[in-house]
Structure formats: structure tokens, C-alpha cells
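The structures come next, written out as C-alpha cells.
One chain, chain A, links the two complexes that follow: it is found with chain B in the first and with chain C in the second.
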Partner chain A sequence: MHGLPQAEPTNATIRPGAAARRSPGWRISRRVRIGLASLIGTFALWWLLTDITGVIGPHRFPAPAEFWAAFVQIAIDGYAGGTLITQAWYSTRLVIMGFLVAIATGVPLGLLMGVSHRAEALLNPAFLLVRPIPPLAWIPLAIVWLGLGDAAKILVIWFAAFVPSVINTWTGVRGVDRTLIAAARVHGAGELRLLWEVIIPGSLPMMFTGLRLSLQASWTTLVAAELVGAFFGLGRVLDAAYRDINPPMIAVAMLAVGVLGALTTRLVAVAERRLIPWRS
Partner chain B sequence: MAFMTIADRAPHPRELMLLSVAGAVLFFGGWQLLAMSGAVSPQTLPSPIAVIGTAWQLAFEPFAGHTLLQHIVASLGRFAMGFGLAAAIGVPLGLAMGRFRLLDDIVSPIFEALRFIAPLAWVPFAALWFGTGIGGPVMVIFAGAFPPCLINAYRGAKLVEVRLVEAAQTLGAGGFRIMAEVLLPGALPSIVAGLRVSAGLAWQSLVGAELIVASAGIGYVMVQAQSNLAPAIVMAGMLSVGVIGLAIDVALRRAERLVKSRWGQA
Partner chain C sequence: MKDIRFDNVTKSFPTRSGTPFVAIRDVSLAVAEREFVAVVGPSGSGKTTLMRMAAGLDHPSEGSVRVGGREVTAPGPDRAVVFQQFALFPWKTVRENIAFGLRCKGVPRARQDEIVAHYLKLMSMEGTEDRFPHQLSGGMQQRVAIARSYAIEPDVLLMDEPFGALDAQTRTVMQEELVRLTRKEPRTVLFITHAVDEAVYLADRVVVLARDPGRLREIIDIRPTREAEDWDSRPIDQVMDLASFTHLRTQVWRLLRDQIRPDD
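Presenting the complex of A and B:
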């Protein structure tokens, strides 16, 4: 039935967006069509450059078939000590643990420094020293202290996620509307109620910005830490594939890192929408 | 809970100053005492004085092939190359994507698909393609620095009023001139903000890349010290990484303020 001219109200033909919104679901927008074409084109180019013409040799970047074979290999037989699911879960578990420890320490510290000028003044010197050191730079120290196991990874992720959660919580508290605080005070709210019902909800949006940044930093740092030295995990897979000069496996591990990073970021976004429904 | 004073006026500045000094003394004094007490061996936690002494010593005595200053110069060179490359490609591409919808629709899905791959995950391919000397680390830095350059140039270009672009078109400006003379100045504040974020990420990625594959640079110093179990050298490395990162950030912050006061609308 598409292609048939339909009797549309005149205003719909004036505004093309309205017509598109009214169209049935299977008629996809221009943006999606071009996007799909672009992805398919990239895929075709990849195939053309590797399999068909061989411009990019197999020792540089894998052909689609090799990529698929590597994916099947790690998914079923495993690679570098575990299947894809085991390795991915291993890394995800570490990110979640480090991230939770960082939230549990960073958010209260940020609240304290935001609420009290005295606490801020007391803690700021130590914080200023730690803040400019990139999380990745903690990796060697963590290995000297705790070795190559889980504890060192969690410590490094904690460092990575701690600083953004402190800073954003702190900024969020300072950004709470002063009038709201004064109003709550006038109506007789005690300090604890003020904190729980005005300051924390008011700083939640900034806190979540911090959490999203923390999560990204956690993934980057974990991958780096596992590349420097680890027994399991996706970074370990990357490292092993690099040492074996196995480009298909490198590509599979990179894809897994990207997918997991995107999924966990989405998870934080969902939590954000649940917890802060008033911020659209 | 008398310490909660958020809505009230801040305490007297002199009191806050004293508290800051007390905080610093507590932190460094506690660390120094802990290291001197022998409860923690210097093989685990060197004292702050030992760390600074080590940094000073490394500035003149070669470690891992070069003095600390030479390593820093090697790192800064890679940083400048990776960051420069990311800005030189990311900013024009972002502006063009903001201007031409077709380009935007083509590039966006590819960019979105690649964006979630942590920059450090590029290390194996970077080393395979460009070696572990200069090319590999530069590519990793590029992977870290590229997204903010592109995104901010794109957003900046989208913020430029359509009227201005149309006016330039009416007056006969070509595509390139519109980009260079309308979009670029209009998007400049956003671009500079993006460059600052991007420089921070570039510096981090550099350290990461050097930890994994390199034969010189600060990250290499730190990973060598780690395998020698020399935490004082590791911490001296962290100190220099922090100080240089801070210096880069301060410089770009200043540039940002300058640009905002000259070209910024808000």
C-alpha cells in the first residue's frame, strides 16, 4: 500500500517530520537507512580489502571468515584459559566490584566535602595530590603491592572510579539550589532530613554523571591492567592474542570489550532514569 | 551534626587555611611516620621524602636507558604527535559532519560502534601495525584523543545559527569558506573545551600505552621499576605523570578562558 497517495491533512505535508511520524513502523527514516547502508558498506569494504583483494594481509587484520572462526573458537573451546563467557564475566565481575567499592567510598566523601567547608579544607590537600595522577599510572604500584591477582585489579579500578565519583558528588552538592535549602530549614527540617530529602536528591543528576565517567574509566583501566599482567579476563585474551600474533582473536577481544562497555553504560543510564524520573 | 554548614556562610578563611595546612601536614606527616616506623617496609611504601629524592636522582642518573628528563621528552613527543593528529582529523571532520547531514548519517554509526572500545584495547593492533617504537603508542593516543575532538567540533557546528550559514551562502561563500570562516569561529569555544578533555585522555592513554609496549618514556620507567620491585621509582614516575598532566591541563584551561572571552557568546 506504500506509494499510494493518501489523503493527508495539509499541515502534515508542510511538516515532513509529522508525516514520517505517522507512517507505519516498517517505513524507516532516512537517517537509519543511510546508517545501515554505511555499516553494510564498511563491512563490504572490509571483506573486499581482506578476502577478495588481499590488500590487507591476514597478519594485519583478519578477514570476516577468520574473525568468525576466532569467535567460534573462543566461544566454544576457549582461549587463554577460558571461553568468551568465562573471560568476559571475569572482567565484568572485577569492574563491578571495584566500581561498587569506589561508589561506597567516593559518594560519601563527596557528600561530606560538599556539605562541610571544614571537611573540604582538611581533605583537599591529599585529594589535590591524588587527583591529577591518571588511574592507569597506579597499575605498576598496585602490582608491586598486591601482585597480578584480583586484589590489584580491584585497587586500580577503585582509584579510577573514586576520583570522578568524589568530584561530581561534591559539585552536585554545591550546585543544590540555596533557596531550597533555606526553605527546608525554615520549615523546620533537621540536618539529617535536609541531607536525605533535599541535598542528596538535588545532587543525584551530577552524581550520575560522575558514575558514568567512573564506569568508563573503570573499563579502560581494567583492560590496561589486564594487558600489563593478569591470569584471566578479556585483557588477558588481548595480550595472549597479541603474543601469538593472532589478529582475528585480537579483533574478537576488542569487540567484546566494546560490547561490554556499551552494555554497562546502558545499565547506568537505566538506573539513572529509574532513580531520577524528574530529569528528562 | 554541627559540622554541616552547607547553607550557611563558609567559616572564616583563616580557619579554612589552617585546616588545609593541617590536612597536608597530617597526610604527609602520617605517610612519612608510617614509612619511618618500620611497620611497612620501604620495599612497599617509601616515604614522601624518599620519593622526591628518587625523582631528583633520576633526573641526572639514567634508569631504563635514559635519565628521567629524556624519558619525559620522549613521552611528550609522542603525546604531541597523537594529540595533534587527533585534533587535525577530528576537528575538521566534526565540523563537516555538523554542516553536511549526509556525512553525519554515514560517519555517525561507524563512530558510535567504535567509540565504546577502550583506547587501550587498541594496543595490540597498534603494536602490530605500527610497531612499539613511536607509531604504536601514537595510534593509541590518537584512539583516546579523537572522540572528544570530533564530538565537540560537531556540537559546536550544530550550535552555530543556521541564519549565519545561510547569510554566508547568499553572499556567495563556498563550502570551504563557510567552514573556515563561519563554522570554525562559531564553534571555537566548544572545540577548545573538547581539546582540553581530549588532551587529558591523550595523556592517560600515553601512560597506558607505554606501560604495555614501549622502549622509552615515563610509562616504561614505571613498568621497569615495577619489575625491579622499586616502588620509590614507580612513585617518582607517578609524580612526574601527575605534574605534567596538571601542567597540560592548566595551559589548556587558560587557552579555553582566552577563547571564551574573545569568541564566546555565553
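Presenting the complex of A and C:
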């Protein structure tokens, strides 16, 4: 709480200026204000450590001005074969495609393993064997199979994002309230209706946890795969900037990945709120 | 309308130690068409197991459970269940919850709306049809669950401690409403409870179970007294003050009391 008294409607007539300042249209929510303060604080600290005091030298991490110059360079002239927009779009497109392939296969498999003990008995051993292999370990094989193009990237993302989708959907199905399933059956629901109207909505919250993890895994593996070998993309920018010993450009590429990761996660959150309206 | 018959029903569950746990031993019980039977018993007397077998959610190890003369093998809409935890679908509105069984039966949309409106009115819940369950009080949620079961016009209504999760006041209101509902639209009811008052107030007959293993102890006839003194047209608090009510309640209570151990 801030120390200012809240303006009551009666006060508005006495102090019209205060009332105008507190009108709901103008008012920024507390969260946004704290968020802005945090961003400004980080920026100030960055500036303080680089330009002002020189604690961090320009060869280690760029000062705001160098960062801005690198940003302008890649945004307008381009770097490592494309402008920021084309490189970012290239990576985002691959993440979205890999992510969609992963959830389009992972969610149905998770449902199947959750619903059918036979499917679980059949698939779980293979799953337990493949699961501990870090997704990044698939990159060499993917490149050997499919080269440096899009197909290898999508394959690697699929390996990484598939597992959290399966596991969380499966856990979600197993966690559906048994009484709700009994209630559906005693009111005459068949298997298909049970799946569609009870089991799937009941496991949606866990499913979305899986989707968020899958999306994170998609970005992680894509950037890693692009670092290992790619023609375009933000990982390729990182790799080129590393070879050129260009810390400002490395920082720009990192920040771009961060922003895109946050934005795509936001999209999943929006979809979650749309699809789970009963959890207000 | 259908009756329920348990014939020499035994139900045991396998345990890790190898000796099966006997939940119900050799219970025979008949609930006639349109009769309201309440089952009371200490915990461990197999009340809920009895209900689950009538619903088709569990199956007897020995003996048979028949509804309308047919062996119960699986859950079916002729035997609707009202659960203690309400078991409403959180992602469905009140209207969608009540209409659930009707949609399963393939009732046309217009007829569904009529039936839903009928029960909303009967349960005095008009105006809540577009709310989600979490926006309702416990009493309201259980009304929706009862409406959902009633809507499919089941031959048999199975109620597993339906008011057990409600506070005392709401509970009393719901008991009164259930009496109103079941006298207006009678069903064959098997009502599980551990509350003696509730059993005596609601039922035509009260079945008292003994425990370890669960078995039949005694059946007490309430209906003659209730009809002679016209309980149904009196408020619940008045009924519970009547000498006849107190007498019956004490009778049931004594049968239960000598089974209750200090550790309960």
C-alpha cells in the first residue's frame, strides 16, 4: 500500500484535481507499475555497472549505447544473413512448427496412456528408456539424418517438447476425480462422451502445464540446434557474433530469444484462460 | 418404477496380507418400488459399498444385486447416484450439469430445456442456470446434483450421504426439500447416511447395519408412524420434537450405540 488516502466520491467534489488523477482510465494497475519499476531498476543497474563505474568492461558485456548500436545494425542492415525481423521470424516459425508437431502427437499419446492401462504397459518401458536422454543429445543424429535445414530442427524440437506433453497429459488424466467419472457413468455417459466431456476437461490444467514446459523446451533446443549448425535464425546470429567476438550482438540475440520466449508463453496462457473459463 | 433386491450379498476386497477384507457379509435387503429406505451404520459397516453395488460401480463377491428383477452389471441411467462430494462437472454450468444425463439419453434440445427449467423451479434455483458450480454454495451445488439425477427420471435414486458435506442449517433445509421432492415425485430411494435424525425423518424404513464385517442388524419401520401423524405436512423442527419421532430415533440410536467404540 502507498501512503496516500484513497479518493472517495465525496472528496472528488472538494478536490477535483485529485479525482481526475485517480480516474480509472488513467490509473495504471499496481502490477504494471511494479513491473515498470523493476525494468527501470535493471536498466539503471546495467548502466551503473558498465558506463558509469566500468566494473564490467566493454569486452565482457556491452554498455547500453553499444547494445543500442548493435540493435540498430541488425534491425536495419542485418547480421549473419538477415535483419532482426527475418532472423526472429525464422526461429519463431520453427519453434511453432516443432511445438505444434510435438503437442499434436504428445497430447493424444498422453491421453491414450492415461486411459488405457494396456497402452501404458506397452509404451512406458520405451518411454523410461528414451526419457533420460537430454534432448540436445539428439542434435548430432538429427543433423546426420536431415542436414542443417528446417527438418532437422523440427525433429529436435519434437524430441524435446514431446516428453513434457505426454507426461503431463498422462498425469492429468490419472488425476481426474474418480467421483466425476463415476458420476458421468451413472448418468449414462458412453466412453466417447466420458473422454470428451469429463476426462479431457478434467486434465486440461495439467495439460497446459505440459504445454508451457514443452514450449520452453522448444526454444531451448532450437537455439542450441541453431548454434550447432544453421543457415538462419537467432542461434545462428549468436554463433556468428561469438565468432566475431561481438558481445553487443550476442546480447541483442539473447534478449530477442528472451522476448520471443515470453511472448509465445503468453499466447499459451491466453489459450489456457480461454479454454478453462471455470477456473476464475 | 423398479425395486432393489440384495440377495445374500457378500463383498470382499483383496488385501496385501492375502486374507481378503470382508466389507459386507450375507446381506439380504429389498427396497420396494417408490419406497424410501435409509441405511445407517457405523463407519466400516459397508454402507457405501452397498450403494456402489446397486449403482454398478462395485460388484458383489457372492450373492446378487437386482434392480427391477435384472442383475446389476454396470452403471446405468436407470439408477442415478447423488454423491456426498456433489460430483458436479466444474467446467459445466448449472444448466449443462442438470442436462448432462438428458444429453446422454439423446433427449431433444427443446425437451431438455423444459426439464431443466422444471427442476430449477422445483429446487428454487431460477437465475443460477449460467453459473459454474464453484460460484454456488454447498447447498446449491447439492441441489444441482439432485436435479441432475432427478432429471433423467431414474427408476432408482441412490444417495450416498448427500448432505454429509453441508453445514447443519443447510442440511435441515435440504432434508425438508428432499421430503417435498420425494413425496411429489416419488422414486425408489436408497439413502446412505450416518445421521440418525436424518434417516428417521426421511425414510419409510431405516436399515441399521453392524460392522466388522458389515451385516444387517435390524430394520425399523417408520412409515406407519409418519403417515398416522402426518409428518410430511409439518415443519422439520416440529416433527423432530414429537414423542413418536424421539422414540424411533432412540430405538435406532441404541442399535448403533453399542457398536461404537471409544476410538471412533
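Some points to look at:
We adopt the following convention: the second predicted complex is superposed on the first by the 229 of 280 C-alpha atoms of A that agree within 3 Å, B and C clash if a C-alpha of one lies under 4 Å from a C-alpha of the other, contacts with A are read in each partner's own complex, and residues count from 1 in each chain.
Everything below uses one rule, namely that contacts are C-beta pairs under 8 Å (C-beta built on N, C-alpha and C of every residue); 3 or more make two chains touch, one makes a residue touch a chain.
Keep in mind it's a predicted model, so treat the numbers as computed, not measured.
Superposition of the two complexes onto chain A shows chain B and chain C fitting side by side, with no clash.
When the shared chain is aligned, chain C comes close enough to touch A:Pro201, but chain B does not. Contacts of A:His187 after superposition: chain C is touched, whereas chain B is not reached.
Touched residues of chain A were counted for both chain B and chain C, and B has more of them. When the two structures are aligned on the shared chain, A:Val144 is found in touch with chain B, with no touch to chain C. In the superposition on chain A, A:Gly81 makes contact with neither chain B nor chain C. In the superposed pair of complexes, A:Pro64 makes contact with neither chain B nor chain C. Once the two complexes are overlaid on the shared chain, A:Leu39 sits against chain B while remaining clear of chain C. The superposed arrangement places chain B and chain C with a least CA-CA distance of 8 Å.
Residues 182, 185 of chain A are contacted both by chain B in one complex and by chain C in the other.
The residues of chain C lying in touch with chain A in their complex are 55-57, 74-77, 79-81, 83, 85, 87-92, 100-101, 103-105, 132-134, 148-149, 152, 158. Against chain C, in their complex, chain A makes its touches with residues 177, 179-180, 182-190, 193, 197-198, 201-202, 204, 276-280. Against chain B, in their complex, chain A makes its touches with residues 30-31, 34-39, 42, 59-61, 114-119, 121-126, 129, 132-141, 143-145, 173, 176, 178, 181-182, 185, 191-192, 194-195, 199, 219-220, 223-224, 227-228, 235, 238-239, 241-242, 245, 247, 250-251, 253-255, 257-259, 261-262, 265. Across the interface of their complex, chain A is touched by residues 1, 3-7, 10-11, 15-17, 19-20, 22-24, 26-27, 44, 102, 105-110, 113-114, 116-125, 127-129, 203-204, 207-208, 211-212, 219, 222-223, 225-226, 229, 231, 234-235, 237-238, 241-243, 245-246, 249 of chain B.
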